[in-house]
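Think of it as A, B and C in the order they're written, each chain with its own count starting at 1.
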Amino acid sequence: MSGSLPTAKPCAIPDTPLAHAMPGLDTCVHCGFCLQACPTYLALNDENDSPRGRIVLMRALVEGDLSLDDPAVQTHIDRCLGCRGCESACPSGVPYGQLLEATRATLTARRPLPAVVRLALGVFARPWALGTALAMGRLARGTGVASLLAGVKGRLGFAFAMLQSTALPIKRKNYTARGDGSRGSVAVLQGCVMEGLFAGTNRATARVLTVNDYRVVAAPGEGCCGALHAHAGDLETARTLARRNIAAFEKSGAELVAVNASGCGAMMKEYGHLLHDDPAWRERAERLASRVRDVSELLAAAGPRPGAALPLHVTYDAPCHLVHAQHISAPPLAVLRAIPELQLTPLVDADQCCGSAGIYNLVEPETSNAVLAPKLAHVAETGAALVATGNPGCLMQIGAGLARAGSTTRVVHPIDLLDASYARRDA
Amino acid sequence: MRESDGSGDKMLSGGGPGAPAAFRSPLRPRDTADVADAVRDAAALGVPLRIRGAGHWLDAGRPVPASACVLDVSALRGITEYNPGDLTLTAGAGTTLAEIDEATRANGQWLPLDPAGATTATLGATLATASCGPLASALGLPRDLALGLEFVDGRGIVVRGGGRVVKNVAGFDLVRLTVGAWGTLGVITEATVRLRARPEAECTMALDAPRETGTLALLLRALREAPLTPIATELVDATFRAGNGDRGSDAVLVRLAGNAASVAAQRRHVESLGTARELPASAWDRLAAADPDGAFTVRISHRPSRVADLWHAIATATAEIEGAVRHASIERGVVRLIVPATAHEVVAPLVRCLASHASVLGERLPRAAWEALPAVTDRLSRGVRAAFDPHQILNPGLLAPMA
Amino acid sequence: MSHDALGAALAAIVGERQVLVRPSELLVYATDGLPGYRKQPGIAVFPRTRDELVQVVRLLAREGVPFVPRGAGTGLSGGALADGSVLLGLNRLTRVLSVDAENRLAVVEPGVVNVHLTRAVAPYGLHYAPDPSSQAACTIGGNVAENAGGPHCLKYGVTLNHVVALTVILPDGDIVTLGSADGERDGYDLVGCFVGSEGCFGVALDATVRLTRNPQAVRTLLADFTSMDAAARATSAIIAAGIVPAALEMMDQATIRAVEASIYAAGYPTDAAAVLLMELDGLEAGIDVDVEKLRTICLDGGARAVRIARDEGERTRLWQGRKKAFGAMGRISSHLVVQDAVIPRTRLPEVLRLIAQIGAAERLSVCNVFHAGDGNLHPNIPYNANDPDESARVHRAMRAIMRACVDAGGSVTGEHGIGLDKIDYMPRIFSPESLDAMCRLRAVFDPARRANPGKVVPVRSCREWTQAPATR
């Protein structure tokens, strides 16, 4: 080495979220091990669309080499899926998810979010608006309109295909869940999209937890976790939603909070970081965050109890926010293995993003499709009839992609499979 | 340094009668500086040089003009550094393989280069000609074993490439450039080589090989895919075996190595593949000595999966030649053919015929046969030659006919 | 040709999305795996097919524009940096063109990721042996350019030993075939010259590489030592005993702790002064005899314990920890210098002591993680670049360490290459005549010095070389 060790420059954007995140940037040694873990790099093969490259862009913003309104920076930061697959590959532990949120928050302060993003986030932040939207969605699904329009070209058709894919592909039988409640009390996050489009999965979650001896309690007032807002850089709304949830779950008195949407679970486990500079809420946020569990974690801890045989051919896709953000990979498989006669075929690159990433598929449809394509190909290789995955965004993204590709393979939440298995046992 | 002692050079001439006086008899430099002086003078006067070590290779390669003055580097002899713990050895170019073998044997090590011919061959010539034998496929070609070289280029400039350590990527690779260049880019004066530990246990098995091509191909494939870690796997023909008092069919000689338990298990596996019996290790020395005086030798090669085909094609083409011997390194896909001197007349048509089947590389051939083989005349090869021997005085004609 | 015109001409070949011309989008290409250097290209172009690549190189040749080939940009010598010139990205040429399983050969495009090749040939029970630590990201093209090594090169050899043939486009646009997969060829070892030429000799359009059979048996051992010295001596003893492990790696305490703090935590003992990670492979029969021998040497040499991986999972964890160690050092400090040098294996104990002394004298902590079996050191120093005094001490220490390695009879790089980073050390290990010879070799491939200019050999070492008048 011959005299060009890096020297740091003064900060060009003091007092921004990104400036505060600078120590996280410094952790990156630029080794490049993240490249092949990044879905947008794999799809586009441009380092600007890789974690390492985006970190260079972030650093350039901090050091003033690039300005906040540089369109190139915005493009490449926007294009990130936020899947955090890079965190699972990063030896030096760069907190990429936090850096991305800080960057988006810093950029958002300078420029308005795109109209489609603002509209979507606005809906999610307002229970009445979201309720209306989701009710219309259910109506479209129930009447067959969604199925009819799913074949239409372009984003509209894709959106209806997503909607259509939220219908449960297996028969649901009613049964009465029984357990001794000895594993403690749990409140289940009902959330926004889950309750709107996957309400059945929320009920199933309560039932399977009960069967596995958890005492399920209600937490009135909980709702959207704020993940979509935080990922898009709208940290203020995210914090408001977080405070609302913290209060609701505290009031429920539950020892643990179960989440069946991995994107929400990942967000709630980071409430402490989200509210770290709010002295009134920081400790409460940390305490709640430490009590949040993915539903599969709770079930795996309890066994889970085996159900009745369900001779289905299933493959499992790991949601990014479960495997990369929460480092949970084995428990969902334990859930599926609790179902006798269920044939589980491993999915190649199961830990790669499907391109859903919250509202990404609405904002960056082209890249989203490029990321989805290999996922669909790998699913087809398994020959499975069902793809199990524990996140609404992934369910809809993969489901819509399969439907539009003319595949008969359907998507399902692992909890719905376990619930169906228990229902058969009970019958 | 420039006087001849008059001994042992009966097959060589000095520079031709037209050469300047200093170049009329063989040059015998004592060290690198002498070599540099000699080459510089020769370059200035345009005198072609014939580089000589032990003299084993002087009848190999394309013809070099008789006017070339012999540059005999055999005096650059001796091991200059040997550190057994590093498994590296540095020696003058004139050091013989036998000397290296003797020095390393005591430490359970060896330089695993076993080219055809006597072990009085020198290290410099072995590297310059990239000569190797059955051990190469498992233990390395000369290019894999050479770590560093000192050589004198065609203008008399002393150049060093590589180093004395086992791993090194500093700079452009002058070592690979020079190994196998037949002295046409520089006179090797010293080399550092990688040694290997000798196997703890060894056992050589002769496994009878079927005559029919398809069956032979299956056997060779089975051997390549078997749970074996041989350090040599050489197919030899019945003629070779007969010449060594070992009657029978063609056979594969498998040199098993490892610790005792491993060798025993491998031996059992070889025995399960067919009729096999153990041979003394000296079988390998006999193979190295299989070339009779004045014999013509040529290597025919292709992908390993083609060895059985080549083996058969060569057998057919040489059916009428009394005493022709074939042996093949099956892992490298190289068949070596030895034709006795008496068959001199048929060699050229034979080479032409073989070249239509596979890649043919001449070792020792009559002049007419060389014309059947492509010379090294591609753009980059001409370029490196011009860059390192601009006056074309080092072994001129050896790789390509004189312009 | 102006910058804009060149950009447009390149876009006409590869399409607009494959060309970057805006400085803000070229910034990320100003560094490779060694972030100490920043050299921003003027244009970056990413051909997607061999045909596009050929057309691009020919356009650059016609216009006389210098260019720098780049694969995944994981190199550790600043070799893939283009200073204002054209960066030629090869990472979109990712096809494995053919696999000949019987002859254990594969033909690949330069952008194929190292580990993807191994994955592609796994169904045949084969793998691609050279395994640089960055193998999950780095490309075969980059491996060829740098003559990359890796832990398992101790037994299986480096990239050079695994490349059989190359199709190369020379900087002037000529396409040549070097070497052959179909039998030996007469003439110079041009494959050997090209491998390790650091992008200065041309661009490989494809490479034919040798594949290696997966071993029947593998044993991975971790020996834990209370002193670096003991671990170093054990290494020398293993080599001297004639055992050829597939790999023999050493990590010191600072490295162990960084790895154990990362997601690649492998269960290395954090109180050990050093560990040796060793692997034996080969036939099942007899392998445990060698395992026992290795274990005994380590225990006799002062190891507290020798652990043998029980299953594939544990083996993978032990190796992942080692391979990600350099990345894990990012957690120690904000900046990191990565070093690469080679010494004779018998000199390991003394040189490691010397390195520790140099680090102590400059008040720096040196993290050693390296290929002990080859004597290939990687003394890395985490530091804070914002502290000018600490930076200066790092500089001094690095120079002193390199001097110590050269003085011990070693080399300034074992696998990372010279690139920009080591160019000033070249005159320390090569004479002016030898450096000039390297320039002459380069000039054969690239007389105009347009391919990766300014790398490997200091330009001042290249004398103008003119042919003396013929005497006959």
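One rule holds in what follows: a contact is a pair of C-beta atoms (placed from the backbone, for glycine too) under 8 Å apart; a residue touches a chain by one contact, two chains touch by 3 or more.
This structure is a prediction, so every number in the text was calculated from the model and none was measured.
Chemist: Could you work out which chain's C-alpha centre is the most distant one from the centre of subunit B?
Modeler: Relative to subunit B, the chain with the farthest C-alpha centre is A.
Chemist: Grab the C-alpha centre of each chain and report whichever is closest to the global C-alpha centre.
Modeler: Chain C is the most central one.
Chemist: Which chains, taken as a pair, are joined by the highest number of C-beta contacts?
Modeler: Highest contact count among chain pairs: B-C.
Chemist: Mind checking the centre-to-centre distance between subunit B and subunit C? Centres are C-alpha means, answer in whole Å.
Modeler: So the centroids are 31 Å from each other.
Chemist: Using Cα averages as centroids, what's the distance between subunit A and subunit C in whole Å?
Modeler: 37
Chemist: Provide the C-alpha centroid distance between subunit A and subunit B, rounded to the nearest whole angstrom.
Modeler: Spacing between the chain centres: roughly 64 Å.
Chemist: Could you list which residues of subunit C touch at least two other chains?
Modeler: In subunit C, 422, 425 touch at least two other chains.
Chemist: Could you list, by residue number, the parts of subunit B that touch subunit C in their complex?
Modeler: 43-46, 83-88, 108-109, 130, 140, 143-144, 153, 155, 157-161, 163-177, 179-181, 185, 196-198, 200, 221, 225, 227-229, 258-266, 299-305, 333-334, 358-359, 361-362, 373-376, 378-381, 383-384, 386-388, 390-391, 399
Chemist: Using the touch rule from the top, collect the residues of subunit C that touch subunit A in their complex.
Modeler: Per the stated touch rule, the residues are 20, 22, 24-25, 27-38, 46, 72-74, 89, 91-92, 113, 134, 136-138, 259, 261-264, 324-331, 334-337, 339, 385-386, 388, 391, 394-395, 398, 420-425.
Chemist: Per the contact definition, I'd like the list of subunit C residues that touch subunit B in the complex.
Modeler: It is residues 100, 102-103, 105, 146-147, 149, 153, 157-158, 160-161, 174, 176, 178, 180-193, 195-197, 200, 213, 216, 236, 239-240, 242-244, 282-287, 289-290, 342-346, 371, 374-376, 409-418, 422, 425-426, 429-431, 433-438, 440-445, 456-457, 465, 467-468, 470-472 of subunit C that touch subunit B.
Chemist: Show me the residue ranges of subunit A that touch subunit C in the complex, using the header's touch definition.
Modeler: Residues 1-8, 23, 26-36, 45-48, 50, 52-53, 56-57, 60, 65-66, 70, 72-73, 76, 87-94, 327 of subunit A touch subunit C in their complex.
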